[in-house]
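After this come two complexes, each holding subunit A, first together with subunit B and then together with subunit C.
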Partner chain A sequence: MSQQSRSQQIRKFLTFGAIPLSIFLAVLVYPFAQGLFLTFTNWNGFKYTKLAGFENYTKSFRDPTFWATLGFTLKFVLVSVILVNAVAFGLALLVTSKLKSSNIFRTFFFIPNLIGGVVLGVIWQFIFNTAITAIARKFNIPFFQDSWLNDTNKAFWALIIVTIWQSSGYMMIIYITGLISIEQDVIEAAKVDGASPLRMLTAIKIPLMAQAFTISLFLTMRAGFMAYDVNLALTGGGPYRTTELISMHIFQEAFAFGHFGTGQAQAVLMFFMVAIAALIQVRISKRLEVQQ
Partner chain B sequence: MNNPSKRRSISKKVIFGLGLFLSVSYVAPFLLVLLNSVKPKFDILANPLGWPVNFTWDNFQEALRKMNFFRSLVNSIIITTFSVSVLIIFSSMLAYYLARTKNKFTKTTFLILVASMIVPFQALMIPFMSIFAQFVSINNRIALIFFYQGFGVALSTFLYHGFISKIPAEIDEAAAMDGANDFTIFWRIVFPMLRPVTATVAIVNSLWIWNDFLLPRLVLTPETQTLPLSTYLFYGQYSTQYGQAMAGLLLAVLPIIIFYLVLQRQFISGISTGAVK
Partner chain C sequence: MKKALKVGALTLTAALALSVTVAAQAPAASYTCAKKTTVTMLGTIKPEIQDQFLAAVADYNKSQSCYTLKSIPGDRNLTFLQNVTPMYAAKHAPTIMYTLQEIPDMADKVMDWKGQRLTQLAPKGLLAAANVGGKQVGVPSTAEAFGLLYNKKVLDAAGIDPTTIKTRTDLEAAFKTLQAKGKKAIHFSAIWWSLGAHFTNIYHTDAASTHEGRLAVLDSLAAGTKDLTVDPVFKNWLSTFDMLKKYNGSAVNLTDTEYDASIADLASGNYGFMFQGNWTEPNLLQASATTDFGIMPLPISNDAKAYGNDSIPVGVPGYFMVDNTQSTATERKGAVDFLTWLYTSAAGQHHVSDPTTTTGGGMGFIPVYKQWNVPPSTFMSKAIAGFVNAGKTTEWINTYYPAGLQETVGKVSMQQYFTDKISSADLAKAIQAAWKGQVKTWRGATK
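For the complex of A and B:
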């Protein structure tokens, strides 16, 4: 490419880059930077009068409900990442197994993903609170007679079930793309050598589509940390704020209780958790990809 | 020689059976909603799985009115269409600039854009509302569309950037020789070649914006609320009117499911290129 002169470069910037980048700065970068700064002040949502050091952070760490939320969130992220990906990979294998009906199956598996978490959450709230309990009473099945959403432990699994149902279709698409990208020659060669289906899966298919796992694990992990809609619509954090994921906790802290400083400090902590977890995960996955 | 093929046909049947079972379970919640949306309340409580005996359309009439269905639908359509169109214009132009002008500034900017994708909205939600309160109070729909530009530009630019980098720069240079200016070169020559990515950008962003809840909840008022918001509020108020609640939920999911079934192929290919990039 021929070298552009300085004035040409500036003209290009003004024509193509200036507006979108200014909006990006105003909407994302500035509020993020200000949010970071405000955690070190005594901000009350409108103004601040003095710097407060790490007070907002130490206050958060002294709050037992914040620790409970952190624990619940980490458990949710771990379990949902494992199960969503296991189910999604299973679905992808099923859909790529050369059935005539696989396109229709794929269509069905993807449908929940089209609908927002809030609407999905209230549909399942009806299922757990009303439909299942009504059936359980009719057929006298004690395990389902009380709504799962009234029990912290069962509500956790309700959240997991809805999350799997919601996002496995999307991750399935990523795994399908990975499976399709494997060259047919390699598979044929392995078949000729007499590889069993299981060995074919673990020794050939999975290593050759490692990138799909990197992407999908990253996306599910990020979604797990950020989950809000399903949480709000399904359990609303109840019973007694025991099923609040970190996102909802931050929202409540700031907008329901007016603790803007600590709420924002927890939001910053959440950002670092996502960033660190993502870096570690991508680094490990990339190393596994390279080894192959 | 007969045995392996027989075994294969049995395993095919097992896989088919499993697929059928899973497909039914994935759509079962929607079928349950559909089934109960045409039943009176007491039939739902008596047997949520039963076939509708006392068939009724009343639930739909009530739900349409109470959740202001058509107003919310129009709001959703306006906000999604405008946000996505402007996003396509801005992000394709920005990606063109970043891909074609190589200097320290564009390289750093691109890295910052990519890194910003990891920032969760929650991390800036609280100061966000105090910074933009005034803007929101003037016109909350325009404010929301503006916000979506800021939150959507990184991923969309990233998608366009990958594609534009593969288009040879000689094409632009030849057009420049013929005396076309930058703007014309981009819109007349480059942009039409970006159609596959534009489809991906449009689908990925439409799904996200159509279903978004947290940001509209903070920004919009009852008159401008979108479908997910009005559905949530309606369900909160009338959740014990089971029939009406089910009708409302069905109305809420119907538009996007119809859209998906019509444009299925584009959806799937758009999602897969968008995610794998």
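For the complex of A and C:
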């Protein structure tokens, strides 16, 4: 290939890269920088009159509800990442096995993902508040008689259940892709060698589709940290503001209490947390990936 | 307004008394312009009456050739500030805005209504909550009331006359009678905004018999010097809270589905009472076409003469403001013209308080401006007019709650007490803690 002159390279870049780059700068980099800047001011949502140094950050750190919310969010992320992926992988194994109706099942499992989070939250709010309690009263099952959404621990599991229901279908698709991309001859060879199904799963299938795990774990973790719509529509942060995830807490801080500065500072803190967690997770997962 | 939160007002006596006597009315000025100017308004006052409001807008646009009013739909799931801040940042603010809680935040960005026709027609007391440092930031939309709502059919069948209930003991007797007749006494909702704004207001508005006295209670709470547990009014209020919990016939539900459930329950005819406001009346009538629903005070004291025992809290759920920083003089003129038309012309008044609200007519608002020609007609609005005319109204002190306070109190301590998670002493402590150190916005202080 002939050497390109510098001007040719620049022209090429401008032809293909200028528009995406300028959009990226305008809608992502610039607002992010502006948002970062505002955390150092006394911004009230409309304007700022003076620089405030790190006051918004120290205020956030001193706020006990911020820490409580953070703890709740971490717990939610941990549990939802494990369970969503476990269920999704299980479903993927199920529908790639030689079931007759596997296509129908794939569709069914995927459908909840097509329903918006708010709608899903409202539907499940009805299920937990009205449907389950009515059935429980009829058949006298004390555990379900009081709405799960009235109790912090049970409301946590309600959030987890709805999250699994919503996102495991999507993750299942990624796992299916991973499973069917494993070359048949490797599997045949393992069979010939007499590997049990379990051994085949742990020694052949999972290592060869580790990439699917990297992607799914990243996506579910990100979704866990960012979760807002289901939280809002299902528990609304209740009971007693004990099930507020970090996104909702930030929203409340800014728009209910009018503390735009601290709300924005907490959003920046959340960004760094998610970024660091994602980097660590991807690095670890990458190490486990196998090249064929 | 369903979530009528922080709401302004003193008394409505003058307003309604005048509204029923004055019949004559200046004809709406008909004027012509060469070109129509578009005037924007954020939202439609409230989503429940969107169609009725837009019908009024269409009528206004047809009635003159100077302005075209355009309602920009806001996102209903977002707060007022979240809708408005990006619009201001984009230098594209709506000319007319409607809100309550955020009035202090908007004060430096909007027009002074002083000297306009609507401020002359509105009772002084109702303008006070939207007066920030001498500047008339907004004008009121309507009045709303809350208290004990009752299903008239159920009470009639049980032989209960709500006008004879003067004390907490009377109320308990009525509850017992209902239960003896096989009915459930009350649907007492644990909805956070009902507890945080409206139920707490019962204490704050009964706490002193003068406006100044009530604000002084807020002062001492903010200063951290108030001990609620020794306040006899607070004790009465707590006893009432306990009693309503005791006779509550519905399962506790802390989430938003509770609102519709409570309306369905009262409309069903299985319950006698619920603690709510008159904004539920259209829904109640819709759910039960043949029943009347009334409103009565929630008496917390056993002394029938105690302040507030015989009165219902009446206030303004929101104020109209006109932007003064990003609009043109013509746009502002158009904004004032539209709102003046809405509240002073015959056609406008019809849209605002048409009695056939439940069948899709007007917005069904209770009128607050003088020279009003459409009388109230539903059972509940007549009842409210009765209280207003008799001077039996109390103030919405929740108007003066600092932003976020009703969330903190309503979503946390009040719901915790409702579900027996904390003691009454803890509740008093939590309310005191929520107030301590708050900026005295009720005294005109800025954050």
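As a convention for this text, the second predicted complex is superposed on the first by the 265 of 292 C-alpha atoms of A that agree within 3 Å, B and C clash if a C-alpha of one lies under 4 Å from a C-alpha of the other, contacts with A are read in each partner's own complex, and residues count from 1 in each chain.
We take it that a contact is a pair of C-beta atoms (placed from the backbone, for glycine too) under 8 Å apart; a residue touches a chain by one contact, two chains touch by 3 or more.
It should be emphasised that the depicted structure is a prediction, and the values quoted were computed from it without experimental measurement.
In the model built by aligning both structures on subunit A, subunit B clashes with subunit C. Once the two complexes are laid over each other on the shared chain, residue contacts for A:Y240 go to subunit C alone; subunit B is not touched. When the two structures are aligned on the shared chain, A:A256 is found in touch with subunit C, with no touch to subunit B. Once chain A of one complex is fitted onto chain A of the other, the partner contacts of A:F109 are limited to subunit B, with no touch recorded for subunit C. Applying the stated contact rule after C-alpha superposition, one finds that A:T130 touches each of subunit B and subunit C. By the document's definition of touching, of the two partners only subunit C reaches A:S147; subunit B does not.
With both structures placed on the common chain, the touch criterion links A:G45 to subunit B and to subunit C.
When the two complexes are overlaid, the chain among subunit B and subunit C that reaches more residues of subunit A is B.
In the three-chain superposition, subunit C clashes with subunit B only at 127-135, the remaining stretches of 91-99, 127-135, 145-153 or 199-207 being clear. The residues of subunit A shared by its contacts with subunit B and with subunit C are 45-46, 118, 125-126, 130, 232. For subunit A in complex with subunit B, the residues that touch the partner chain are 1-2, 4, 9, 11-13, 15-17, 19-21, 23-24, 26-32, 34-35, 38, 45-46, 91, 94-95, 97, 99, 101-102, 104-112, 114-119, 122-127, 130-131, 134-135, 138, 165, 169-170, 173-174, 176-178, 211-212, 215, 219, 222, 225-226, 228-229, 232-233, 246-247, 250-251, 254, 260, 263-264, 267-268, 270-271, 274-275, 278.
Subunit A makes touch with subunit C in their complex at residues 44-46, 118, 125-126, 129-130, 133, 146-147, 149-150, 232, 235-241, 252, 255-258.
Listing the residues of subunit B that touch subunit A in their complex gives 12, 15-16, 18-20, 22-23, 26-27, 29-30, 32-33, 44-49, 90-91, 93-94, 96-98, 100-103, 105-106, 109, 112-113, 116, 118-128, 130-131, 146-147, 149-151, 153-154, 157, 169, 173, 182-183, 186, 207, 210-214, 228, 231-232, 235, 239, 242, 245-246, 249, 252-253, 256-257, 260-261, 264, 267-268, 271-272, 275-276. Across the complex, subunit C meets subunit A through its residues 77-79, 81-82, 85, 88, 102, 105, 109, 192, 251-257, 261, 403-404, 407, 411-412, 415-416, 419, 421, 447.
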